[in-house]
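You will see chain A twice below: alongside chain B first, and alongside chain C after that.
So, the complex of A and B:
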């Protein structure tokens, strides 16, 4: 294919990615070193207290936002270096807490709390999703043909359902008067409040994620299983391989590229965990990195959005995912190179 | 496919795998089933402590809202008929009535018509007829069920408005993603150049970016876009914040990396001989792509399109931050229902809204399930 044709075909897609992904990324990078705040000025004002005969007046000074001719606040943007990052990470408190080995205090800082949760969440759900997906694919592949359709249909439901709604539906089962909480209470004879402490909440969030992501892994693995070379499986059997050995040494190596693919996608998706926080409404106890940025971006009570801090926390979030992905990317790199 | 005797499995293994699947299906379907049940009961039943009360709804029944045996039979029949049409008839009709070039459009129309038919039958045509028969025969109601929460959500709270916004955004995202993505995917599959390789790697990194990072970039720009663009566009400069078109563009871009990777692997599986043959016959690259490759690509396009559809339809983060109240889509609108969720009735209405969002997806899987699996088997997975 000539370069010109190639360029013409690729241009719209690349252009969209440049305008809507690369440019904002650079802007966020720049933004994270600046801060926009209302210009403050010292104003003198006279306050008078009415009294008998004479008024007592005194002149005071206060700091107030400067207003322009149309009485709007004048905004100024100044370069602040790493101050936004420091606001998010709170390095001083971080070091004192680390030196004092004070885990609880450290978790008071939103950023570290979010980071801790996001990483735990990602790495605990990853093997569960892969394992469940593979088990489902193998089991469905064993099923008689007529039953496969309905089972695949039901299996896909958690995957296609809107994440916020899926998380909500789980929440409704486990809230105070939810049906499953009541069942567990009746069964164990104790009072159970799933949304009162962080660890049960995190458990529910992970449960939700495995529930909703395993079907994706399943579909990919199931599709992959259709291509397993039956001759190779039979050959292994003639060589005396047990069922487990056939799975371990013939089927899994065949599926390996797909397992890597699903793991890659899952790492990316789990790292940006967000919908669970909204759907399960856990922000009081558990937040994720992406939620942290979202929270900075939402207007606060005064209607201000702290875009600079959001920019700093986004950059940190991004650095995190790049670090996580480096080993995966190198593998894909080698794969693609090898094929090209 | 006959399984050779050697590959046959012992009974114990079959039983374990069947039990495992049964358990999984229960876990997979239960939350969705349960919110559906809750949404059609009065609050007293929906939050009752005994699951049987939630299922059978005595309070709802006592309030005079219930189904007779005939109603139950009719609703089950309607559900079954919808599923049957979706799974067995729609593929045939689409194949029979749409020319191969616009097959994706045919699927879309078929799915929309099926949904519309279901709503019409279930909520407009059947109820009066059944009511008439029930009162004529004097059948007693036995199962508490009410659709009043749906009416409250859709009619009184104008949820249809959010539904239309959602559809606008979702269809826009799907259509543009696929158009832009097929061109790029095709070129990337056919070119072995260094540049193609780099585009793919960079796209992969873009796929990993948390969406909030990007939204942080857009938000200040979109809010102030009128001022920023004024020097170029004059007074016609739009404020992009709150514009569905701006959100569509953003979601398309976010979706591009996945789309081009997926479509590329589908194109990989179409032998390059095919376009060479077309080129020998005098087609340009574009003509070969349009008239020779695209007609055999549609399973891939449909599978990829479904993923785009899900992304656009399910998005919360981007739409909630970049759209204002007048253009809100369904998922952020649900957040509005949370905030009003003060009385029990409000809670059940929130549940009804949640089920309403899920229903179109349900339909979608029914219609497209076979395409998803066969599409992935045929294409993406091998690439």
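So, the complex of A and C:
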């Protein structure tokens, strides 16, 4: 393809990516070194509340935002260097806790607690999604043709459900005297409360994620299986390779680029785990890095929000995802170069 | 497509016909409102819509949208439903208008205590009050010979008896879900012990004797609750009551009506209300007073404001209240307090403080909410938790410009 034609095709999406990804990223990066806050002043004010029958009025002083001539809040921005990052990561407490090997104290810092869960979640679900996806693909591939259609359809159902709805359903099935908790209680004969401690909640979150993303791995692997070189499989059979050996030495090497691709997508997806925290309402027990950023960003009753700390925590989340993806990307890069 | 048009036509026809019946005037100005989505707001906005040309949006996350929507010019909504908490960001940003002239023109039917004044100017019209108060299963307390508790020490004693009798799954319910509710419970108890969480200069003030008492009391109470209390919101506790799983709870007055809703409740007629218990003997009830009402946006034309005010008033008139008497503790004339409103009135008679709705309290509320869970789960000592609340508050207060 001529470079000009190539450029013409690519230009619109490059432009979109610049406007919607690169520019906001740079702005957030910049914001993370500043603190923007409204200018506050102490005001005396009288406020009245209804009460029952009679009104109670009270004169008091409070700290409220100062307004300019057109009655808008006056925002101040000051350069604070790495203070926002330090507020999120708490490096001093981090080092004392690490030196003292005090895990409980370390988990007291929201950021490290969120990071711990996010990583656990990502690395436990990854092999399960890959394994389950591959197992499903192999099983369907060995079915008679007439059964494949319906089985594929049923297998794909979890993938179709909107993530938040799926997460909410899990909550309703298990919270309090939810129908599945009841079933487990009847089966085990003990009183079970799935939302009373962190580990059971984490288990539910991982179960949900594997259930909802395994179909994606399945579809990709199933498509890959259709292209496996049958000559190589037959040659292996003639050489006396068992079923397992054929899978291990012929099919999996053939599927490897797809496995790397699915792993890459899953790492990115799982690292930004958020739906599960909101849907299952786990913030009392378990939070993730994305949730932490969201929490900083949400206004409280009085409309205060911590945009600067949110910027710092989202930059940290992004750095984390880059670190996770580097080995995978290097591998794909090497593959591409090898092929060229 | 055809079906949708037909349905829309039906809706308009309905609106047209009821407009004649229920509204004193025909509204010609297109209006929009944004409010919370609980039962009382459904009744009020439905009554407002009877005047025509009103698109009412009800959303439990309304307070997240409202500040930005009202700051737009022109404002995206003319009418806003607020509480004494969610009015604060609108007041701070100056995006709602003073209602003095409109009240003078149309507000003859309003009671004086419906007029919410800030610095002498009427900024909102209240329609109902809300407070967390003590709700209990009268049948259980009577059978076990337990008097209605008036302090939290009595609550603990009563809970112990109910637990020993084994008549319900859990003696207590509580809205202790992390996200907002837990912060509210912590602040209720802290104020009940006489604490004031933020000093006048914006510095935190929870690391003290009252803070310790608050945390220890909350922890003692959790022993009698469903172990999933850190995810429990008002709806969850309401359903626990309705399904007969709990015997007592400090719950919102706006939830009381649901106890006698035969379609949902298995305990119709068995739940009674009383004043919220005091944290210490002789103290005020460990709860706060709230109100809900409407505001009118500043960034709209005077004609729109005029129409919006009239429509909103139609929504909170006597006719609506008589039709929906049990939905709330209304401040509107024509309201007759039902059996389940008695608890809210008993609470108010003991003068609990109004919720201290300030920028600093907004930050403190979420600091309490975020840090106390770790203590209740036993992962952190009470002393460390109080230090952590103050540290979290200071960080948030710096971002909010309250502290330097």
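We take it that the second predicted complex is superposed on the first by the 304 of 340 C-alpha atoms of A that agree within 3 Å, B and C clash if a C-alpha of one lies under 4 Å from a C-alpha of the other, contacts with A are read in each partner's own complex, and residues count from 1 in each chain.
Simple rule for what comes next: a contact is a pair of C-beta atoms (placed from the backbone, for glycine too) under 8 Å apart; a residue touches a chain by one contact, two chains touch by 3 or more.
Owing to the predicted nature of the structure, the values given are computational and were not obtained by experimental measurement.
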Message: Applying the document's definition of touch, where does A:213 land relative to chain B and chain C: first, second, both, or neither?
response: neither
- request: Considering only the touch criterion stated at the top, classify A:1 as touching first (chain B), second (chain C), both, or neither.
  value: first
Query: Where does A:122 make contact in the superposed view: on chain B (first), on chain C (second), on both, or on neither?
result: neither
- request: Compare chain B and chain C by how many residues of chain A each one touches, and report the one with more.
  value: B
- prompt: After superposition on the shared chain, which partner residues are touched by A:35: those of chain B (first), chain C (second), both, or neither?
  reply: second
- request: Check the residue A:76 against both partner chains and state whether it touches chain B (first), chain C (second), both, or neither.
  value: second
- prompt: What is the contact status of A:307 with respect to chain B (first) and chain C (second): first, second, both, or neither?
  reply: both
Message: Quick one: is A:177 in contact with chain B, with chain C, with both, or with neither? Answer first, second, both or neither.
response: both
Query: Do chain B and chain C land on any of the same chain A residues, and which?
result: 177, 281, 298, 305, 307
Statement: chain A residues touching chain B in their complex are 1, 3, 5-6, 9-10, 12-14, 16-17, 19-25, 27-28, 31, 135-136, 138-140, 142-143, 149, 151-158, 160-166, 168-170, 172-173, 177, 179, 182-183, 211, 215, 219-220, 222-224, 226-227, 230, 233-234, 237, 243, 258, 267-268, 271-272, 274-275, 278, 281, 289-290, 293-294, 297-298, 305, 307, 310-311, 314-315, 317-318, 321-322, 325, 329, 332-333, 336-337, 340
Query: Across the complex, what residues on chain B touch chain A?
result: 4, 6-7, 9, 13-14, 17-18, 20-21, 24-25, 27-32, 34-35, 38, 47, 49, 51, 54, 87, 179-181, 183-184, 186-188, 190-193, 195-197, 199-221, 249-250, 252-254, 256-257, 260, 285, 289, 310, 313-314, 316-317, 321, 331, 334-335, 338, 351, 354, 357-358, 361-362, 364-366, 369-370, 372-373, 376-377, 380-382
Task: Write out the stretch or stretches of chain A touching chain C in their complex.
output: 35, 37-40, 42, 45-58, 61-65, 67, 71-73, 76, 87, 104, 107-108, 110, 175-177, 193-197, 281-285, 295, 298-309
- prompt: So in the complex, which bits of chain C are touching chain A?
  reply: 63-64, 67, 84-86, 88-89, 91-94, 112-120, 126, 129, 177-180, 182, 200, 202, 226-228, 230-231, 236, 240, 243, 245, 289, 291, 298, 331, 345, 348-349, 354, 357-363, 365-366, 370, 373-374, 377, 379-380, 384, 388, 395-396, 398-402
